[in-house]
Amino acid sequence: MIRRAATAALIAIGAAGLSAAPAGAAVRHVWVAAVPVTWNIVPNGRDAIMGVRYDPSETVFGTVVYRRYSRGWKHPMRNLPHGSGDDDGMPGPLIRARVGDRIRVHFKNLDTTFRRSHSMHFHGVRYKPSSDGAYVPGFSGRDADVKPGQTWTYKLTAGNQSAGVWPYHDHSPSMDESIAGGMYGALSILGRHQHKPDKEFVVIFAPMGQFQTIDGRAFVGNTPVFHSKVGDDVQWDVLAMGSEHHTFHVHGHRWVAPDGTDRDTQTVGPAESFAIRWKEKDPGTWLYHCHVETHMMQGMIGIYRVAKR
Amino acid sequence: MIRRAATAALIAIGAAGLSAAPAGAAVRHVWVAAVPVTWNIVPNGRDAIMGVRYDPSETVFGTVVYRRYSRGWKHPMRNLPHGSGDDDGMPGPLIRARVGDRIRVHFKNLDTTFRRSHSMHFHGVRYKPSSDGAYVPGFSGRDADVKPGQTWTYKLTAGNQSAGVWPYHDHSPSMDESIAGGMYGALSILGRHQHKPDKEFVVIFAPMGQFQTIDGRAFVGNTPVFHSKVGDDVQWDVLAMGSEHHTFHVHGHRWVAPDGTDRDTQTVGPAESFAIRWKEKDPGTWLYHCHVETHMMQGMIGIYRVAKR
Amino acid sequence: MIRRAATAALIAIGAAGLSAAPAGAAVRHVWVAAVPVTWNIVPNGRDAIMGVRYDPSETVFGTVVYRRYSRGWKHPMRNLPHGSGDDDGMPGPLIRARVGDRIRVHFKNLDTTFRRSHSMHFHGVRYKPSSDGAYVPGFSGRDADVKPGQTWTYKLTAGNQSAGVWPYHDHSPSMDESIAGGMYGALSILGRHQHKPDKEFVVIFAPMGQFQTIDGRAFVGNTPVFHSKVGDDVQWDVLAMGSEHHTFHVHGHRWVAPDGTDRDTQTVGPAESFAIRWKEKDPGTWLYHCHVETHMMQGMIGIYRVAKR
């Protein structure tokens, strides 16, 4: 009797301690390649809100993006889970992990078009200098200068200070044009015992040519349409790349910032990032956008649809 | 024994008395119209600090602003309480409420000059899509496109996450030029049991033509002069509209940010907002300004006077 | 009696344990002069990462900086402790104090070259209007307009809200060109019982001509190289001057922000400032930089070396 009671108590404590998926530390392998693509920033050719049309000559260009692959770079795979954003190369693979995990990112440069060096530099995680991926002549090694046809494995650890959402991006000699061309993505790292959200939306603000894009696209109808339903535990992963500061805003919603204040608009500067979570309770068709007005007018705006339960 | 009990009861009553007006949820009706005005950004014609003169041809223009009205849009009323800023249309009416209140904003478009559509889009409060006021062809309704002569009532709730200071602004098809012309204002929502400050100052940073303005005015002598005395519980409502980030600074003062750090300068980006409170103890004539130097040089600076007790 | 003595001893030990260095409030005298210098933004003449060379005609100019002096402005002294940055005038003297201290900054204008007025305006500390140092015609006094050859003593108090890192800068009639020319520095104020870090690095982001500088220098090899070893308690003092927002990033490291979140990139706008501390555990050669890409490309990047223990 006594032992049973003790065991029951132990189980209860264990459950409370673990909550969310029993998270034994894992080694997560991710296969990524830099691949050339033809990209259209405004596939439907228009800014529906302002009633402006764009010709493909203004919106289509050749570039290089990060693409997820199966083991050994055998065949390309989805970059993002269904519903987290478009699966077409911007952003690069959503790399999910949990605090305590080790991550091995196997990177191959398949840029046969521009034949530039590329690399991956990761924020938020721990690594040794040989996995930094940042080019400095005289200091950095092959991790920072992966030439066409070559590979490199970045060895990362999701440490105790790695919970949250973080960007990764090219930091090779071609960094400037590669980031302008869309070579960036997100790491999403849950706390050791944190519940996975029901929906996770990836929003990366970045300029692209004359446009201001979300995940490489401009204007409603081209930027991702995110979907949830009342009762969903919704997470927004908000990041920025480039040279400008932005303010992320969602209509009809508010969230609690880490400092305890309520917000509905939040600044995000280059390489900054944050995750916002809320329990959805406001059905309807809403806008999400950067509230910097010129950015909004240049395309940094999208649609968020919440279904009734 | 009896006296003790009586004392305890008195204390209890005192505590209730303290918790700021017993806050039974109210329905607050606000009547607002979009009205054409002739606006002068630099009424005294000079930048006193740099010793530069401006001709009215550089500083006067026609625009549309939000104006508070009495019930049924009978006659115009003050937009701001005495001492919170100038009462001339920029910013629009200061809409005050308390968490738990419902707010009904009755809006009429009296823009007979430019004859543009207008709307009101509110941050921080809860509402249904029909009170969102944001124009998206195919989705939005009359709330987002109130034509000259028409009206709309926005139904808002100050929910548990609505305490604080928030912007509202035009989000109609004319949003871009209307915000540039001054169609914005502030909501100020107290917590359920939060004390009203003794003084509340509204500071909205926004560009206007070649100037950087506070409440639509540029340079000391034109921007609001705020007054308090030692011992006052002072609140600054700081907001920004437009496309730039700012840093709000007050000379000779510091405040505690929600994260517990002490600050005297704080970033505010487009549509962001925060309330700062302190117990005044530093008498003198002080400057408050945006610390972005080009903005300060283009007019985003004012005077704050603290009298000895 | 015995119990009382024991209690007293315990209190004494407790107090000693708390107070790190026993910090009796001090009066700290600092002697500073504005002195003309010839400045080279890119002493080694190159951007090593991009492989670009610069001619001295593009990088050398005459300017005025703050220089620390011995008592009575007898002879010039180091502006920064060894290892906190270069000792050459940008930034100005690192003014260290502890909450509770009074600070007397004895300022002399030795600008015999440009013969401009100068001043010092301090953030974060308490002072009376006569120590504000900000020029407003009709209001401000000699503190804000110290002419060549003249002196002024600024009387400051490190109050309870002054712990942290704060900028100071020229706020005289020549403010605009003087800040552009490098007239800024930092106050570093420890809490009453806070431990001094083992290493303190001063990073001031500011534009200078066509460059984006750290402590007045552009590109790796010119900007400060900071050194620490594993186990060091490291503090970064991060500040910005000018008209742009920045994002401070250190490779291979993360820190806990005051709101409890983990960060490796943080926005700092004009006159904002923050101190970051961590216990060093990541050996290697790392980059620290502003993550605004155009700023990084224009020179806002440096090297941080961590030795193994």
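As written, the chains take the letters A, B and C, and residue 1 is the first residue of each chain.
Operating definition for what follows: contacts are C-beta pairs under 8 Å (C-beta built on N, C-alpha and C of every residue); 3 or more make two chains touch, one makes a residue touch a chain.
Computed from a predicted structure; not experimentally measured.
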Interface composition of copies subunit A and subunit C: same or different, split at half: different
Statement: Matching the CA atoms of subunit A with those of subunit B requires turning by an angle in degrees, to the nearest 5, of 120
- prompt: Where the CA atoms of subunit A average out and where those of subunit C average out, how many Å apart are those spots?
  reply: 35
- prompt: So which stretches of subunit C touch two or more other chains?
  reply: 245, 257-259, 267
Query: Hey, which residues of subunit C end up touching subunit A in the complex?
result: 48-49, 51, 220, 245-247, 249, 251-252, 254-262, 264-267, 282, 284-287, 291-295, 297, 303
Field: Residues of subunit B that touch subunit A when the two form their complex
entry: 121, 123-124, 126-129, 132, 134-139, 159, 161-164, 166, 173, 175-176, 179, 241-245, 257-259, 267, 269-274
